[in-house]
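Comments concern the structure below.
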Amino acid sequence: MSKYQELKERVLKANKDLVKAGLVILTWGNASEIDRNLGVVAIKPSGVSYDEMKVEDVVVTDLEGRVIEGKLNPSSDLLSHLALYKAFPEIGGVVHTHSTYATASAQAGKDIPCYGTTHADTFYGAIPVTRALTKEEVEKDYELNSGLVIVEHFKNNNLDVMACPAALIRNHAPFTWGKDVFKAVENSIILEEVAKMTALTLRFNKDAEPAPQYLQDKHYFRKHGANAYYGQKKINR
Amino acid sequence: MSKYQELKERVLKANKDLVKAGLVILTWGNASEIDRNLGVVAIKPSGVSYDEMKVEDVVVTDLEGRVIEGKLNPSSDLLSHLALYKAFPEIGGVVHTHSTYATASAQAGKDIPCYGTTHADTFYGAIPVTRALTKEEVEKDYELNSGLVIVEHFKNNNLDVMACPAALIRNHAPFTWGKDVFKAVENSIILEEVAKMTALTLRFNKDAEPAPQYLQDKHYFRKHGANAYYGQKKINR
Amino acid sequence: MSKYQELKERVLKANKDLVKAGLVILTWGNASEIDRNLGVVAIKPSGVSYDEMKVEDVVVTDLEGRVIEGKLNPSSDLLSHLALYKAFPEIGGVVHTHSTYATASAQAGKDIPCYGTTHADTFYGAIPVTRALTKEEVEKDYELNSGLVIVEHFKNNNLDVMACPAALIRNHAPFTWGKDVFKAVENSIILEEVAKMTALTLRFNKDAEPAPQYLQDKHYFRKHGANAYYGQKKINR
Amino acid sequence: MSKYQELKERVLKANKDLVKAGLVILTWGNASEIDRNLGVVAIKPSGVSYDEMKVEDVVVTDLEGRVIEGKLNPSSDLLSHLALYKAFPEIGGVVHTHSTYATASAQAGKDIPCYGTTHADTFYGAIPVTRALTKEEVEKDYELNSGLVIVEHFKNNNLDVMACPAALIRNHAPFTWGKDVFKAVENSIILEEVAKMTALTLRFNKDAEPAPQYLQDKHYFRKHGANAYYGQKKINR
């Protein structure tokens, strides 16, 4: 049995979870996870039907994108994933979808402001949309540059990649990430719900204001960091 | 067997009903019920997956929030529920969700006016949005204050808590209640549908006017109070 | 066995079809069918859960609303149905729902104009919204008057009740009808889809114009009347 | 067994796939496929319930619309399909639906601009809406003219029918096509999703601009033509 077996099974499940959550139709979207000890990433194969996808179809590559295990082409977005793994050592899983509301926001070229606690529970501050890629960046090394434009945005704006585990690539679609691939999937689910609520908030009140910063702080930090008290952290089950 | 067994089973079912009704994703939302004779409240545990939740995971507390039965942390929103039970002796069940349309309305900071009979059948008058909590109220005793800001709104505006069994906490999300936990769940379902209809009403006609008061009266009172004639109240089955 | 057995079975199925089609939640909505030879109407009981509703719960009344068979109260909207049956001898089934988009249009006080062939295939011309009921009409004989205000609208505007088998009661919700109860259910399904398309049409183009009259004529009359050629009418199967 | 058996089975499955994908309700919509060697087209029968539709109900006609096999009337839209097959030798399957968002865009009389990569992956450039049919074109040979107005639009605007496998007939609804009937179904699914994203993009930003042409080129050509590298084309599985 492959030493990457468990990694591949996790990645297969995470990809199928995206379909179950209604975030992916046809072959759109891909999830990957990194094993930093082994120096490998497992990712969805390109253009394969989710129904037929089996664990042996998951592709394992090194951090330069060379296939180590698997007979199929990896997702065409592999190099975007690798750019994120290299820039951000904290992250263990990456997800890319074309989920409807988040993609519409990316197409609109609009950040998703924090209008309430649903957003603040997971994302600290606005979820950013990147600048457009240049013609040169699109024509050469497009997928790599799609990852790098996210990295650039977070570095230039001093954003904490774990406190805002999502970004929208302008005119394209969202990426999310997390400590592992299942957390990245969860963040995709939350991003889509938050994007939908944002559209509706603006329909109820086109001049809606972001939630007060102290309320954003409260919700984010009751779930994250040293003083978190949400969930079952302090109790053995 | 625990003397709270039936109470816990009801609360478990009510929490799972929220997921079935599409009002709750992930671990968002919580339902509780009070037994005023025994002086206890049963509530969902914090951050536990709905799929895995079992009756023994339901937490029983006293009215000060001290755990009486159960090994898990109660919902982090417990103190909001308790504030409502203490202020309003008529209510027997409380539900909190982040259902999409109602939450968007809370984020927009807008009351939900009564545009028609769907609303008037359950809610007498506009469904109110509370004031924002202050920085002090958020930083200290946040969950308690989230309940108290609802109580304040109803008292200051002389609203009848049973005639309008829902409120939106500004920049946060809705709470509903009822004579028992299942009625509170039903009111959450109706609130979400009414919030959706409100968004669509405004899309069809941004200058839409509330329904005439006499129509609101007719629909509310044909289902509630001494002269109600909807349903099977007068017939033995 | 009751001589109304088949009628009651049809009405039971039609009511459950409304739930399956997503037009009805909780106990909202009701379907009825008339047997003009027997001079009776079968209708849903009031306020009974659709899951538990059995054929013996369906209520049979005469045209004055007196219960002939059944132990439960008939739908509180019975008198609206009877007003339609009495005024329009062509109709055999009536359905009332609070389906989301059609109800929103009723709340907005807006007719649904014919923007395209989806509408014209079933509804000839705009689907009308009635005037508001007066205070007197609401306070006395409300359900009867809810039917009569539809009748008034069709008579005053010389509308053909079979060519436009739907109306919206202002600030309330839609009624549909048809030659039998299943056709009335189908018309409710189509009404809701057309109302949704109307909302979206106006979102794409707030100045959208109705479809040309000759296109409306073509689509309506290829499915209705002596020259219809849609479907399998000319072929024995 | 009929020599058209496989063709008919494919067409039956494609029609049922439209229902599964949520693009078709009641009997709305139809899919066909051509066998150019045999000179025949198989198409859905007119007005038959999808649940009851069996392979022997599929109708086989020649390119003039004369029934060769089958006891039922072919879809009333048959002549629209045939006009497309005759004008465009590249296409092997045609689908017509009244899917909600695409139909709303047709009713609004609005092209669907390319706002992002989801669109560009399948459709090169805006998805066009045709001119309105004239009174004469509607009253005589309506279904034929519905096909011809699409052909006219593509010829007059020098559009490549395989690079933009969809069109909206003004005040009516969409047609899509592809190398075979399943590709035509897939294009209907993508069209509906793109139309929905377009509505939402405009809600987030009413002044949204189309994606840069170089980004549209990149996405379209990484999936189509000689230099495509998406999917598993270069790998034997």
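For clarity, chains are labelled A, B, C and D in written order, and residue numbers in each chain start from 1.
Here, contacts are C-beta pairs under 8 Å (C-beta built on N, C-alpha and C of every residue); 3 or more make two chains touch, one makes a residue touch a chain.
Note that the structure is a prediction, hence the values are computed from the model and not measured.
**Student:** In terms of residue numbering, is the interface formed by subunit B and subunit C classified as same (over half shared) or different (under half shared)?
**Tutor:** Because under half of the interface numbers appear in both copies, subunit C and subunit B meet with different residues.
**Student:** Would you mind checking which chain's C-alpha centre is most distant from the centre of subunit B?
**Tutor:** It is D whose centre lies farthest from that of subunit B.
**Student:** What is the distance in Å between the mean C-alpha positions of subunit A and subunit C?
**Tutor:** 46
**Student:** Counting in whole Å, what is the centre-to-centre distance of subunit C and subunit D, each centre being its mean C-alpha position?
**Tutor:** Going by mean C-alpha positions, subunit C sits 33 Å from subunit D.
**Student:** Can you tell me which residues of subunit C touch two or more of the remaining chains?
**Tutor:** In subunit C, 202-203 touch at least two other chains.
**Student:** Is the way these chains touch best called a line, a ring, a star, complete, or other?
**Tutor:** It is a ring, because the chains touch in a row that closes back on itself.
**Student:** What chain pairs are in touch here?
**Tutor:** In this structure, the chains touch in these pairs: A-B, A-D, B-C, C-D.
**Student:** Could you list, by residue number, the parts of subunit D that touch subunit C in their complex?
**Tutor:** That would be residues 25-28, 45-48, 71-73, 76, 98, 100-101, 103-110, 132-133, 135, 138-139, 142, 171-173, 198-199, 202-203 of subunit D.
**Student:** Taking the complex as given, what residues does subunit C use to touch subunit D?
**Tutor:** Interface residues on subunit C, with respect to subunit D: 115-118, 186, 189-190, 193, 196-197, 200-205, 208-209, 211-212, 214-215, 218, 222, 229-232, 234-235, 237.
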